[in-house]
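In the two complexes that follow, chain A is the common piece, with chain B as its partner first and chain C second.
And now, the complex of A and B:
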């Protein structure tokens, strides 16, 4: 190892940017660029033309206002779920239960949306959103509480609660909450006042995307600019130091889970009130799991989930188009998603390594072995 | 008879990636049968130099000569085959194996394909006895005391035919008695013709055991001198490059109101093991009470109890007039308790966070740092910049992550933060562990200033010198109890040493 190794100077360059900018924009874009490069090689090996493939991909995202708005619609839940997961991860809680929390929020929002009559649209929608937040939040507080009271590992409990909630939803839409006609396994439509206004006819675009962006910004402000967020982050980085500093570790974990699940539940509410207007068993194509990738790609920075949520939304939407037009299997999307996360993790490890080399720059800290 | 030269290092230089020059043109001669101390502050390059000799690092330039022959050492294994062995600061023993199994680990079977443990154990016991060391080869390592484990490490090295032994800070984990035993062993070995290199930053040890001493500073060899030609203060001057005072100047401040009162404190750990037994103590305003003892005798638990981080099983804790028994750490903070924790990385710092936020920590809800309920980043950074200046924290900016600072500067952040809160009671646990002389001196000055300001200070340390230099009263802990108490004017290191080993001075006289 010499001091002049090339790749390290590259990461020194990245470290030149403030951490916020790194996490929110530079690292995700860099990871994506490298991923597309490697995917191109994969495409060539498997006999496809990467130029054609990526052209279809580009057109699937920016081709016209219809496809672009579809991308925005797809990114909306990803941004919200990713933001929520980022908050939990920052607190050191591995919330893998966003899928269940999404369903919980969607169910409660649908129930409220069906039965809430006679209020003006703005109020109705607010109540529906609140229901979504509470539904998702409550479903996330359960594993949070189990963790702090009984030391139940939250990875296990959140995954289990996913299955419980998805199963519960299937039961509800075929039983107590099934539509009046009793034909399909779905609920009735929510009242008109509970539906999000369309802002760009003839596309399906509603204000959900803007709300998602707003929530991401608010979450970033809470995390990085309030005492509450400072406590949440300190608990996540070093719970012992947090306790030492008089922070209420258990309370911070519960609050982080409430916010985390609340964001996922809000995503469910927006999906219902903006697009589907009703609830059915397969309302989420796995937003809760993709959200983990979104949060990781953004280095658990809520602001970064806006871009990374959009990137994954775009990949998802365009890979479907790519399959139709260029006959390239849409599993490529999965590969790209996996590679992007692998790169992000590699980047963060390497940039940490560069940071620790900076420590060695200080004359006082000469590395020693055996001690 | 002039002893022959065992080892000669000529012009060793080593630069680490990142540009730190740890060794600059170092030359060193070690004779047969001598104890040679390698003295220097943390980061002076002692460990690096020895790692090069032991084959763990490679020198950029320079030569190693052994018994007048030029040698190339690329791996620890190569070093051992040249007769060089090293005992690291952290022992490399398998606790679940026996002493004998640990010693022969990695060696070839003696006679045949199979091990005959009985023979080997006998051989090892004889081998050790011949070199003046007592050991039970069939004992499990996990049942041994720290001093005995160290002995196993030494035998392990010698058993491989080593005659040049390097010991890296061997006394850091020992009681005064164990240290004396170790030195006795080393002197014995030297008499038998073994060469010993002792890495240390403690001057009293050098004075006690060394034949010759080499002082390193900033990666350079300052001088090598026979022990008859040095004094502790001349050594200190060479180490630091300037005059240092050993005894901190203290004004006599009258002992004021009791600030901390602990009554009959008992703490039962997991599995019903008592960690603290019936501890009662009092610390008054303007007083430093030192708690001495070998690591792991309940000092950490005591510190956690009087800061609210652990809840005692029984007993009471008062801070001034407030009974805080069973209250949360936050209540202790509010009552004016400051805490310099034992392990600054595990508790007390958020390494990934910028320096500025590490100065904030307990005060994050103060109105001073808030702006309409939001954190006021500007005030946080201004506050940090002020404290960085006041407490002389060397950092390129307050935005630098705390992890990028040296240990001494990280400790200054903690000390500065705690002192800036004007605590009524300051609990300082191992406040200078792993710090160099400069930083240690600085932190000692700060503690004394707090004492003069009227704070009550509970100083918990395993460094006896530190306790002796700072305390007004000294308590010694052993197995969760306070075994002895003495005023610092009447303190005597032998008495304290016996207490640390769990003996009463009277008992010791009888045996």
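And now, the complex of A and C:
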């Protein structure tokens, strides 16, 4: 019991800040700080100098305009995927399938992008995006439907669908969708009209990042300012209450999954139309899984995913540079993600507990002091 | 298919099923006590790496299993603290555990072995044919010409079933996942039972992971569990939270791995990608077949709150 007093006094301090600020900024930064501290210990144990490592990371983010735009490029899919996952998690659906949904969206977008000729760029890109949204959304609606109809556990089903989609993609790019030359396991390039305009040559930055930010804002509006969003959140908090209030629980879950997978599929479409211009078997280095950490660090708030998506995009990009320059394995990044999730959850629970105890203290104090 | 190839397939099935069975039986106990652990994959990777590194440096297979157990148990304690004591969401913490598992095993592997080109094959558990029994036609070589970790499952599964259904400990464990408050009212601490079940599950997943580099292959590969932890999760639901059915589910999924490898080697006209995803497709179909949660422990995934607090 004595061990409990320590964190509690600490979290009393944090509770001086208003709850919104705590959730959006203080706790994530605190969790990240502790994570980097523990990672530093790991670096020391394994014979690296953490100061050097973190300096390489910092330079990998802010070193020059080229690395910074690469970070923005990495953040783009993370913000989109994270936003989608946040919507599903808010609805109480554990969509771990964003990786597969990303692939599904990228595949459909590529297919459309290759075959869509003769339309003006704006229209072509819109159709490609729509294809990405539909591809990812459809791949997510399957486990959503299985959950509400047959009560199939979505955690396991979405994970299995990841493996299945990645396998199917590998088949498509070596088989039916392989480039005309039939040399590499990849598709042909999409038509020029389907490619996103570059906004900062000579870097690779395209308007994808702005679209991701816009989508996150729209998702936040849907989630917090519309009846649909209210239904999604209520279902997530308590399905029984939602049902009692006359909300369509099953429908909300399906729509949440559609939006969730759609955002991941859109991320796939933007990756193709903005960067790679074609599809290949390893198009995602794990954005779909990173998105889980992005959503959780943002407390499943789509607006927060802009910050946390940038943070994890920065970590991903800079850990690769760190590996090149200091030979520190970039998988360190996975440890950082896992620890950050655990800490943010633990911190928010502990601070909430302290807050509720404070309220309890006050409630007890009322009869003795007041009326 | 002739008798010999059926026999080989059976033997391979048991081999591929073994890590799944360890992880699945452990998870059954954990879920029976009310805790779902999505992080099995992470435990398995940590167990796999620990075992590989131990054999590499000490050449001692038994020590490798012991260390794999100790290290994964430590992670089990952390998971238990976060989900049971401070009541964090089990799915989220499990996800974090998976990330840490992938990260830490990959990080240490690259530093200790891959970057310095020291990654070499290690000694493995050899086949230990049981005299007389191995001469039974068809089943003999499949069942009784295996390594010791495979034999371990022959003891583990009946033992798990007996403990769960024939002992008072099993009764308490099942009660903890169904009616934790009733258990608490008997003066038994639900929290203790859940800690025990979670740590037990982590240990078994650790053994299942250790099996891969030191019994199945002779090498550690990053992410070598390839979703087996998730398949074990599906096995528990497919096996209706009953160790015997979970074991059967393990054999089914193990057979898809075995079949997949065999068909790839046989160079059929089926594209190899379809063979690779076979285990996951079968798992997905099995999930749909075993739908409905009527048999799921009632308090699964719900943190225990003491009444009157």
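In this text, the second predicted complex is superposed on the first by the 334 of 371 C-alpha atoms of A that agree within 3 Å, B and C clash if a C-alpha of one lies under 4 Å from a C-alpha of the other, contacts with A are read in each partner's own complex, and residues count from 1 in each chain.
The criterion applied here is as follows: a residue touches a chain if its C-beta (ideal position, glycine included) is under 8 Å from a C-beta of that chain, and two chains touch if they have at least 3 such contacts.
Worth saying up front: this structure is predicted, and the values here are computed from it rather than measured.
Q: Would you sort A:237 into first (chain B), second (chain C), both or neither based on which partner it touches?
A: In the superposition, A:237 touches chain B alone.
Q: Taking the superposition as given, does A:206 touch the first partner, chain B, the second, chain C, both, or neither?
A: So A:206 meets neither chain B nor chain C here.
Q: Which holds for A:331: it touches chain B only (first), chain C only (second), both, or neither?
A: second
Q: Figure out whether A:225 sits in contact with chain B (first) or chain C (second), or with both, or with neither.
A: A:225 sits against chain B, while chain C stays out of touch.
Q: A:152 in the overlay: touching chain B, chain C, both, or neither? Say first, second, both or neither.
A: A:152 contacts chain C only, not chain B.
Q: Of the two partner chains, chain B (first) and chain C (second), which one does A:299 touch, if any: first, second, both, or neither?
A: Once the two structures are laid over each other on A, A:299 reaches no partner at all.
Q: Should A:245 be classified as contacting the first partner (chain B), the second (chain C), both, or neither?
A: first
Q: Once chain A of both complexes is superposed, is A:76 in touch with chain B (first), chain C (second), both, or neither?
A: In the superposition, A:76 touches no partner, neither chain B nor chain C.
Q: Is there a shared patch on chain A that both chain B and chain C touch, and which residues make it up?
A: In chain A, no position sits in both the chain B and chain C interfaces.
Q: Within the complex, which stretch of chain A touches chain B?
A: 1-3, 5, 221, 225-227, 230-231, 233-234, 237-238, 240-241, 243-248, 355-371
Q: Please output the residues of chain C touching chain A within their complex, sorted ascending.
A: So the residues of chain C in touch with chain A come to 38, 82, 86-89, 91-93, 95-104, 106-108, 110-111, 115, 222, 227, 230, 233-234, 237, 271, 273-274, 276-277, 280-281, 283-284, 287-288, 291-293.
Q: Show me the residue ranges of chain B that touch chain A in the complex, using the header's touch definition.
A: Counting only chain B, the residues touching chain A are 15-20, 22, 42-43, 45, 47-48, 51, 56-57, 86, 88-90, 168-169, 218-219, 307, 309, 328-330, 332-334, 339, 341, 346-353, 357, 360-362, 364-365, 370, 373-375, 377, 401, 403-409, 436.
Q: Name, in rising order, each residue of chain A that touches chain C in their complex.
A: Chain A reaches chain C through residues 42, 46-47, 94, 96, 146, 150-153, 155-157, 159-161, 163-164, 167-168, 170-171, 174-175, 289, 292-293, 296, 327, 329, 331-339, 341-342, 345-346, 349-350.
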